[in-house]
Amino acid sequence: MPLTKLHKATILVHTPVGKEYYRIVLRAPEAAAAALPGQFVMLRVSETMDPLLARPFGVSSIISKSSLELYYRIAGRGTALLSSLEPGQRLSMHGPFGKGFPVPPKGSAPVLVAGGSGFPPLLFFSHRFGARAHLFLGARNKECLPPPAVIKKFKDDLEKVHIATEDGSRGTRGVVTDLLAAYLSGLDGKVPAAIYACGPRPMLAAVSGLAAERSVPCYVSMEERMACGLGACMGCSVGVKTGGYKRVCKEGPVFEAGEIEWGCRESNESKGSEEFLTLKTP
Amino acid sequence: MPLTKLHKATILVHTPVGKEYYRIVLRAPEAAAAALPGQFVMLRVSETMDPLLARPFGVSSIISKSSLELYYRIAGRGTALLSSLEPGQRLSMHGPFGKGFPVPPKGSAPVLVAGGSGFPPLLFFSHRFGARAHLFLGARNKECLPPPAVIKKFKDDLEKVHIATEDGSRGTRGVVTDLLAAYLSGLDGKVPAAIYACGPRPMLAAVSGLAAERSVPCYVSMEERMACGLGACMGCSVGVKTGGYKRVCKEGPVFEAGEIEWGCRESNESKGSEEFLTLKTP
Amino acid sequence: MISKIKTKPDLSVDFAGIKLKNPVLTASGTFGYGEEYADFVDLNTLGGVIVKGISLRPITGNPPPRIWETPSGMLNAIGLENPGVDVFLTEKLPYLRKFDTAVIVNIFGYSFEDYVAVAERLDGVPGVSGLEVNISCPNVKAGGIVFGTDLKAAFELLSAIRKATKLPVIAKLSPNVTDITEFAKAARDAGCDGLSLINTLLGMSIDVRCRKPRLANWTGGLSGPAIRPVAVRMVWQTAKAVPLPIIGMGGIVTAEDALEFILAGASAVAVGTANFINPRATVDVLEGLETFMTEQGVGAIGDLVGKVSAG
Amino acid sequence: MISKIKTKPDLSVDFAGIKLKNPVLTASGTFGYGEEYADFVDLNTLGGVIVKGISLRPITGNPPPRIWETPSGMLNAIGLENPGVDVFLTEKLPYLRKFDTAVIVNIFGYSFEDYVAVAERLDGVPGVSGLEVNISCPNVKAGGIVFGTDLKAAFELLSAIRKATKLPVIAKLSPNVTDITEFAKAARDAGCDGLSLINTLLGMSIDVRCRKPRLANWTGGLSGPAIRPVAVRMVWQTAKAVPLPIIGMGGIVTAEDALEFILAGASAVAVGTANFINPRATVDVLEGLETFMTEQGVGAIGDLVGKVSAG
């Protein structure tokens, strides 16, 4: 059988971009041919049994017929290990997986919202469907915004980029959802075709609330810990309003915002280890 | 306290030399200053928990005030992983550990015997004390002999190098211990000051027998699986004639041949995995 | 040293009356209902598929987070989420029946009656080759009786299931016990046809900065390569103690790992967590077994079962 | 979020009457008798050293091979090789006494009488702070009774040891049981002052090409990060069930790992297999604990014990 979702992806480009962010370009022709905005790949950062599981990363761009791009932030030991790998090395990769963003109606002006490190899938989306779109970028401070090169790409692809930082170090001071709310209110009853959001759960919940108030269709890209990425382990469940759970990797990662039961998962959890907690050597 | 046995060793040189052999030069000033012929270091081939344990390797040379050299053969997954590392990377290393070879009497003509991949400690020994020594090198065939560059080094440092291969593809056909026996017999009652041997256990047992028959002092460098390398875990025991066990890492790796209870440890065990048994990826 | 043979080795296994074309199965809960792996594995190549645990009624499972990675292993507390036996029969089984592979249905219940009812429901269903009775899930607290760690309860439950079906009954044992061979004997006494071991070890992990358990369920089942030495030991102990055929599992990633179980006494093996890190792990294990047998001149896989010796 | 405190956090622990300057100990059998680590660790910095298991008479231990590496873990079947209590007292203890650290002597026997005799021998010996009674070594088959997996035998043995010494008695429990809290209760009922858990999980590995066990002893004890989730779970269960203080161990490599045990309910921790891969693991754990407490504004280590909560 042709194996179009199993790859030995060669690292072509791997560079730090901004604080704790890395850009990686992987050669994986079948994945590059198949990936849609909002889909993700499962990447094994080592061939040993520790770390064991593959890590999910949203596809941020198709670079060529044979390669795709990811952006990642060092969040723990897996991403730290990944960041030490060099071009030429090959990684096991599966995917693309999941349901991507629905394609916006032709000629429509969608609204995009990216919080923290949630920008990669929206980058891909912008390039494909962003000509008339407005993007709202939010972060704690300017260091936590996407790297400048990424903001530049967004600006190239989109109609407008709005920025909010909580400390006011770049763009408007405040949370991105306030900026979004002001924008939506300023539209004077005109509503955007749809909102597409990716970022921390509390932000997605807030965006979802704004969209619901204004009856704007809203799609959110969710994150949950994953083992298989392909619907088998039932590990990546998110609670849904109709009761029970749906799988982020299969029914998602993009969900209609109204489906999600926002209250049922606390999002505060700590990621990988800080320096002083990990295995040390002289 | 000054930590002279704990190193973060930087790979300076790392090159394949001959079939499945690698030469690695590590920057580790304190270890380079302290190591004696016959001693070994414990090297962690990865900072993750798999593989977990450090691997023991005999020091084959002190390259400079600040660096030492090891030769290793790919024997399993740990050494395979090691072989993929690049100059510039840093490895946790402990040591040097163990009791080295006793220093031969000044001006004496010691006999060295190296079987299979047992040459590294004897290379170090040769350079220090080998001016009048004869070395007997044995292997199954010429591919399993030490790499040519190593044989050259031996020839530079020693009085004579004798080679035997079981298939006759290089040097005398037969096992190295026959060659050694013939040499010893040819000395006409003159006996060498001492025999120093390193290699597979059956070879060491045979050398030990030859030495005992002729009452030549004989020192063998033993191998056993190790966890700590420093005498704490009691994992690396070899049976001794007086009953009970001694630790290869602490009382050894070099033992007087007469001490060892040769019969009590079968040496046939298979090492790391062949290609078809390991984790595959497309 | 060992002469190579020319003929293709015979990998077929008659496991408790279930004809397997080879000993490689999928561990319950790690391969969905087969369809999830269709992009990676031709199911026709597998000895069989053991499906995700099925109960009488649908189960929504535990709240997230449900998984956490640990050194060479993972914790899961899925809570046996499944669509229930009716949906399984109408929506999942028809897909599996399209393939030439044995379908073993893993079943569980929250009560004695539930277990028996689901076993009855599956009896005589075309396309079902056998039942694997999960008496060992560490994540199910309801019901009061912990069948997997109470000998008498295990015996009674398995006896009742034995009576409820003509299908081969395989008891899936818990490793969280002092002496697994006692449970194996209880299964034999209850009339079971085979054994599966091991299920996951009960474990826990804590987010130290937030001072919270990593799993919403607090504890979960530890699986993956980390547990393999425990699993191999239990298979070895059980194979010596009880004559029932065994499906060995726990951390199998490669053919070498599978061979450890077979040499320890397992007649078949199941690949679990490895499917997550290599979706083709089952096929790679199978191919590795074949190569190993050819290289070592082993004519039939059965010749390796239980063949570990001091040498 | 959490305000930093200026004062140095208080790491001292009163463990069952043993004054520890901090909660970081060494796990028995992984740190020799302290001297082996003198090149790497200033013993004065440690809370205490739990020495390699000591018996009445010298023990030569098992034939090699004695160890084997497994995914994120290792198997060992050392067979409790040790020079016996007399040599310990004359040759090992004097070295340890030079340091300002608690010395806890791990003891074991091949019979009831042996255990009691070695406990008596150590009673009142200056420089010995407490006894850790190993009723759980998976590698000792002699003696007939497996104290670690038989509740009554455990209770009787621990009661006798309790009577034989005025030293604090810490029972070291086996994880190879269905319900570890029952053994913890037996230890409490026997008058023990504290608990140590866990010892190694019984495991096995096979050399598939040679069809031989990897260890001459066939089975061995699994230790290292692989077992940590099981260990944390057992400490958590035991801490809830029994009021005795606990030394938590099993796969601790970093301060984060140690904190998992402390939050689960351990008052002190022991670093074992990690000493092999990082001879300064104990010190690194200690320094990490201090930094963590400072960063999180925790004044005393005791404030963290058992503080895991659903949040």
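For this structure, a couple of remarks:
Chains here go by letter, A, B, C and D, matching the order in which they are written, and residues are numbered from 1 within each.
Everything that follows uses one rule, which is that a contact is a pair of C-beta atoms (placed from the backbone, for glycine too) under 8 Å apart; a residue touches a chain by one contact, two chains touch by 3 or more.
All of these numbers come straight from a predicted model, not from anything done at the bench.
Any chain bridging chain B and chain C, meaning touching each of them, is among A, D; the list is complete.
Seen from the C-alpha centroid of chain C, the farthest chain centroid is that of B.
Against reference pair A-C, the listed pairs A-D, B-D or B-C yield one interface repeat, B-D (criterion: more than half of contact pairs the same by residue number). Between the chain pairs A-D and B-D, more C-beta pairs are in contact across B-D. Chain A and chain D have CA centres that are 45 Å apart. Between chain A and chain B the centroid-to-centroid distance comes to 52 Å (mean Cα coordinates, whole Å). In whole angstrom, the spacing between the mean C-alpha positions of chain C and chain D is 34.
Centre to centre, using the average C-alpha position, chain B and chain D are separated by 35 Å. Shown for chain B are the residues in touch with two or more other chains, namely 3, 6, 49-51, 92, 268, 277, 279, 281-282. Touching two or more other chains at once are residues 70-73, 208-210, 212, 224-226, 253, 256, 259, 278, 280, 292, 311 of chain C.
Taken as a contact graph, the chains are fully connected, with every chain touching every other chain.
The touching residues of chain C, counted against chain D in their complex, run 70-73, 75, 149, 176-179, 201-206, 208-213, 218-219, 222, 224-230, 232-233, 236, 251, 256, 259-260, 263-264, 292, 296, 304, 307-311.
Only residues 71-72, 225, 253-256, 259, 278, 280, 284, 287-288, 291-292, 311 of chain D touch chain A when the two sit together in their complex. Considering their complex, residues 29-32, 36-37, 39-40, 42, 52, 60-61, 63-74, 76, 78, 81, 207-210, 212, 214, 224-226, 253, 273, 275-280 of chain C touch chain A. The part of chain A that touches chain B in the complex is made up of residues 3, 6-8, 46-51, 81, 86, 92, 279, 281-282. Interface residues of chain B facing chain D in the complex, by the touch rule stated above, are 1, 3-6, 44, 49-54, 92, 94, 224-239, 243-245, 264-265, 268-270, 277.
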